[in-house]
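There are two complexes below, and they share subunit A, which is joined by subunit B in the first and by subunit C in the second.
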Partner chain A sequence: MLSEIWIRRLLGTAAMVSTAAAFCILLVLVTLALPLFTAGGLGTVLSWQWLPFQGKFGILPMVVGSLLLSLGALAAATPLAVGLACFAQVLAPGWIKSPCLAVVHYMTSIPTVIYGFVSVFVLVPLMRQWFDRGTGFSLLTAMIALTLLILPTIVLVFQATLREVDRTARATCAALGFSKPSYIRHALLPLSRRGLLAAVILGFGRAVGDTLISLMLAGNAPMVPGSPLDAIRTLTAHIALVVATDSQSTFYHSVFASGVILFLIMILINLALRRLGGSFAP
Partner chain B sequence: MTAAQKRRLADAATVAFCWSAAAGTALAILAVMGFLIFRGAGTLGLELFFGQTHWWDAVTGARPVFDGLWSALAGTLILVVLSCLMAVPVGIAGGIYLSVYATERFRSVAGFGVDLMAGIPSIVMGLFGFSMIVVLRHAFFPHAKTCLLLAAVCIALLILPYLVRTTQNALSGLPEQLRLLGPSLGFTPWQNTRHVLLPSAGRGVLSGVILAMGRAAEDTAVILLTGVVAQAFLPRSLWDKFEALPFRIFYLAAEHRSAAELDLAFGTALVLLMLTGALFCLAFLIQRTMEQRWKN
Partner chain C sequence: MMSKNGVSLLLAALALLLCNAPALAGDLDRFASLEGTLDIAGGTAHIPVMNEAAKRIMSFNPKIRITVAGGGTGIGVQKAGEGLVDIGNTGRPLSEEEVAKFGLQSFDFAIDGVAPIVHPENPVNGLTAQQIRDIFAGRITRWSAAGGPDAAIHVYGREEASGTHEVFWDKLLKKEPIVAGANIIQSNGAMKVAVSQDANAIGYMSIGHIDDTVKPLAVDGVTPSQETAVDGSYPVVRHLFMNTKGDPKPVARAFIDYILSAEGAGIISAAGYIPVR
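What follows is the complex of A and B.
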C-alpha cells in the first residue's frame, strides 16, 4: 500500500510539472521584461519606430503586423474551412468523405517550414509577376501561405462540433423535407455557431503564434504597411530576427516585451475558449 | 424570381461553394507536395545524405560530411530522441494522473495550464530557453551558451502538453464498464491503471507519442533560438551546437549560393516531409486499430 501512495505522488508531481510549466515560463519572461516598467522604458518600446541604433525600440509596428497578418489569414481560412467541413460532413459522397478528412488530418503534420519553403519558390515569384511591384515578399504572400497552415486546425475543431450537431439534427431535418444544402444553411450552421467561434479563436492563436511563414515570406520590414503588397514584420519574426542575429543586449528588452505580449494573447485566447465551455482541443 | 427559384439558387450556390472549398484545398496541398516531389525526387539517393563521404565513415562519425544532409538528419534524430526521453515519461504520467486520480477541481485548473502550454507559440518557448542562458550567464556560468541539451529541453516543453492531453483522452475515452472493471474486482487505482486501463488504451497513448515526435522533428522556431547552426557536423556532446533538417531548409531557402545547394535544399525538404509523413501515417494506423477495437 505504501507503493500505491508513492506512485500517486509521482504521477501527481508529473501533472503539477505539466501544469506549472506554463506559469513558470510566463514568470521568467515577465521578470526579464521588468526593467521596462521600472526604468520608464515602456514608452520607448510602445512606440512606432524601430531604429535600434538611434535608440528607438518601438514594437507597435510589429503588433500591427501580427494582427493584420493573422486576421487576414483568418478571414480567408474561415469560409474555406466552413465549406470544407460542411462538404466532409454532409455533401461528400461516402467514398470521398474519409479520405477528405484524412487529408485534412495529414495537413496538420506538414512542417511549417515546408509551406514557407515552397512558397518562397512558387508563390513569391508569382506575386512578383502578377503585381509587378516590390520583391514579392509581402503581407499578402504570407497571408496566403498562413491560410493554408491554419486551415486544418479550424476545419478539425469545427468538424467535431458539426458531427455532434449533425447526429442530432439530421433525421429531424430530413423528415421535414430539407434539401441537403438548405439543411446546411438553415440548421447545421446556425446550430454550430459556438463550435465555429471556438475554431476561429484557435485558428487565430495558431496564426499569431506562427513564426516561420512570416519570417520567410513577409519581408520583415519593421513598419506599418500601406497596402497588402508591402512588407511587414510580425512579433514572432521580430523575436527570431533580433535574437538570432547576435544583436546587442540592449535590444533584448523589446524582445521580451514581444514575448510577453504573445503570451498574454494566448492567455486571452484560452480564457475565451473556457468561457465558450466544452473541450475544443483539436 | 419566386421563392422556390431563390431557394434552388441558394442551394446550388451552397453546393458549389462547399465543393470548391474542398477541391481548392486539395489542389493547394497537391501543388505543394507535387512541386516538392517534382524538384526533390531527382536528388534522393545516398549522395544526398552523405555527399562524397563513404556512408559508413559518415554514420560512425569517422569523417565529416560536407555536402550532404547526414549531420542535419542525425541532429534532428538526436533532438527528437532526447526531447522524447524527457517529455514522454512526464507527459504520460501527468495524463494518467489527470484521468485516473485527479479531483474535478484540479483537473479543471490543470486543464487550463496544459491548454495554455499547448498554445504557447514555439518562438516564445525558444525565447524562454534563450533567456535561461542569459540568466545563467549573468548569475552562474559566464560561458553558458545555447546547445543541444537546451534545445531538447525546450522541445520537450513544447510537446509535453500534447502528450498529457492524448494520454488523458485515450484513458478517458475507454468504455465505462472497462474503467469500472478494476475497482469492482478490488484493484487499487494503480493496479487498475497498470493492468486494465493502460493495456487497453496503449495504442492511443502510443499514437500520441508518435505525433509528438513529428512535432519535435518539424519545429524550427524553438531551435532557431536555442543553438542550431548551419554547419556543425555531428554534435560531440550535449553542450555542442548542432544541425537540424528544418533549420537547414529555412537557411538554404534564403542563403543558397549555387544550383547544387538549391537541389540539396529541395532534397532536404522532401526528406523532412517523408519523415513527418511516415510518423503521421504510423500514428494514424495505430489510432484506427484502437478505435475499431473499442467501437461499441
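What follows is the complex of A and C.
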C-alpha cells in the first residue's frame, strides 16, 4: 500500500517537473526578450530586414523561412509516411514488411548531423548541377533532407496506431468482403486518424525545431525566398549563427525574440492541428 | 576527401610522435609543478594554435587536462564571461559593452589575415579591391565580368558579428552590406568546405585555414599570405585574442605565457598566423 503511494508521488513529481520546465523556459525566454518590448524595440524586430550594423534587426524573413521549410517538409513527408505505413501494415508480404520497418527504425537513430554532412557533399552539388541556378544551398535542398529526417518519426508513430486498429478491424472487414485497398481507404485510415494527427504534430515539432539541416543546407540568407532554389534562414539557424558570433550587442536580444516566436509557432500549429483533428471526429 | 584526410591525420600523428620523443622542455618548464584542468572555447580561427599547444603541454605534464572547443567569437566572450571556461577566444577586440559587463582581460597573441577565396579551378587569380566590393555588393554577378568564365558568381559570407567577417567587411568591403542572397556560412571550416565544393564560389576566410582545397585571390596585385600581412602590404588583417575573466588562474596564466613565449610563437607561425612578439 505504502509503495503504491510512493509510486504515485514519484510519477506525479516527474510529470510536474517536466511541465514546470517547459513553463520556465517560456518564462525565461520572455524575460530575456523583454527589453525588446519597450521603446519601439518590437517594431525593429518584427520587420523585414536583417542588417544589424545598420540598426535593422528584422527577423520576419526567418519566421517565413522556418514556416516554409517545416511545412514544406511536412507536406512532403506526411503522404509518404502514410503510404509507407499502410503498405508495411497491410499490403506488404512478411518478408518485405520486417526489413522495411527495420530500416525505418534505424533511420530514426541516425544523427541529424549525418544527414546534413552527407547532403553537403552529395545533395548540394547535385542540386547545383540539376537546376543551374543558385548555389545548391537552398530551401529545396534543406526541404529534401528534412523530409528524410522527419519521415521515420511520422511512420513509426502512425504505424503504432495502425497496428492496433488493424488487429481489431481486419477480420471484420475481410468478412464484409473489403478488398485490401478499400479496407485501407474506408476503414483503416479513418479509424486511425488520431494516430496520424499525433504523428504529424511530432513530425512538425522535429521539423520546425531542427537546426543543423537548415544551418548546413539552406544557405542562411536572411531574406524571403523568391523561389525554392533561393537560400533561406530559419529561426533556429539564426539563433545558432548569432550566438556563435555575438554576445552583448543590442541585436543579441533578437535571438530571444526568435526563441519566443518559435515557441509560439509550435503552440499555434499544435492547437490548429488538434482543432483540425477534432473537426473530423465522428 | 575522407581518406586523404585520414592519411594526413595519420602522418601528422606519426610526425608528432617522432618530434615528441626527446621531450624538449624550455618554455614548457613553467607547467612542471602545475596540475588541474583548463577549458578553452571560442573563435574558430584560434583552434589550430590552441590544439597544438594543448597537445604539447599535456604530453609534457599529464596532470594538466586541457579541452579546446570552438563555437565562435560570441561563444568565447559568453563562456569566459560567465566563468564556464578559463579562456575564451575572440577574433576581434572586445566591445565596450562586453568589457563592462564581464570584466574580461584580453591577451593579444597573433595577427591573422582574412583573404578572399575561390575554387582552385577558377581561372581568376586576382581582382581589384573595387571588383571585390562590386561582387560582394551584388553589382557584378557573373564571373565573365571579372575576367572569368561565363558563369554566375556564388557569394558566400559570414554572419555579421563574426570576427572574420568584421575585418573583411571593414577593411576590404568598406562597410558595404553583402548582397542579400549570399549564403551565410557558420565557421571558417564550413566556409572552406562550401567554397571547395563550388566551382563558381567566392568567399573569405582566415589565412591560417587556407589549404590546397581553396585558392586565395590577390587583391590589387597583392597575394594574401603571412609575409604580405607582416610587411603591411596586405591590409586586411586582424588580431586574435585570448580573454580571461579578471586575472587568469595559475594554469591559464601559464598557458597564456606559453602561447606568448618563443615556442608559442613557433606554434602560431606553423598554424599560418603571425605571432605578435
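Keep this in mind: the second predicted complex is superposed on the first by the 244 of 282 C-alpha atoms of A that agree within 3 Å, B and C clash if a C-alpha of one lies under 4 Å from a C-alpha of the other, contacts with A are read in each partner's own complex, and residues count from 1 in each chain.
Everything below uses one rule, namely that contacts are C-beta pairs under 8 Å (C-beta built on N, C-alpha and C of every residue); 3 or more make two chains touch, one makes a residue touch a chain.
Model, not experiment: these values are computed from the prediction.
J.: Once the structures are superposed on A, label A:L51 by its partner contacts, choosing first (subunit B), second (subunit C), both or neither.
T.: A:L51 contacts subunit C only, not subunit B.
J.: Quick check for you: in the superposed arrangement, does A:P222 touch first (subunit B), second (subunit C), both or neither?
T.: second
J.: Where does A:I269 make contact in the superposed view: on subunit B (first), on subunit C (second), on both, or on neither?
T.: first
J.: Check whether subunit B or subunit C contacts more residues of subunit A in the superposed model.
T.: Answer, by number of touched residues of subunit A: B.
J.: Does the superposition put A:R128 against subunit B (first), subunit C (second), both, or neither?
T.: A:R128 contacts subunit C only, not subunit B.
J.: Output check: A:I25 vs subunit B and subunit C. Expected answer is one of first, second, both, neither. What do you get?
T.: first
J.: State whether A:D230 touches subunit B only (first), subunit C only (second), both chains, or neither.
T.: Only subunit C; A:D230 stays clear of subunit B.
J.: Quick one: is A:V243 in contact with subunit B, with subunit C, with both, or with neither? Answer first, second, both or neither.
T.: both
J.: Using the touch definition from the top, say if A:F137 reaches subunit B (first), subunit C (second), both or neither.
T.: Only subunit C is touched by A:F137; subunit B is not.
J.: Taking the superposition as given, does A:V120 touch the first partner, subunit B, the second, subunit C, both, or neither?
T.: Touch partners of A:V120: subunit B and subunit C.
J.: After overlaying the two complexes on chain A, where does the subunit B footprint on subunit A coincide with the subunit C footprint?
T.: The overlap between the subunit B and subunit C interfaces on subunit A comprises residues 120-121, 215-216, 240, 243-244, 249.
J.: Note which residues of subunit A are touching subunit B in the complex, please.
T.: It is residues 1, 3-4, 7-8, 10-23, 25, 28-29, 32, 79-84, 86-88, 90-92, 100, 102-107, 109-118, 120-122, 148, 151, 179-182, 184-185, 205, 208-212, 215-216, 236, 239-240, 243-244, 249, 252, 255-256, 259, 262-263, 266-267, 269-270, 273-274, 281 of subunit A that touch subunit B.
J.: How about subunit B: which of its residues touch subunit A in the complex?
T.: Touching subunit A: residues 7, 10-12, 14-15, 17-22, 24-26, 28-29, 31-32, 35-36, 39, 89-91, 93-94, 96-98, 101-102, 106, 109-110, 112-128, 130-132, 134-135, 157, 160-161, 164-165, 188-190, 211, 214, 217-218, 220-221, 224-225, 246, 249-250, 253-254, 265, 269, 272-273, 276-277, 279-280, 284 of subunit B.
J.: Can you name the residues of subunit C that touch subunit A in the complex?
T.: Where subunit C meets subunit A, its residues are 1, 71-75, 77-78, 81, 95, 97-98, 101, 152, 154, 156, 158-163, 165, 175, 177, 180-187, 190, 193-194, 197-198, 200-201.
J.: Which positions of subunit A touch subunit C when the two form their complex?
T.: Touching subunit C: residues 51-54, 120-121, 124-125, 128, 133-137, 215-216, 219-223, 230-231, 233, 240-249 of subunit A.
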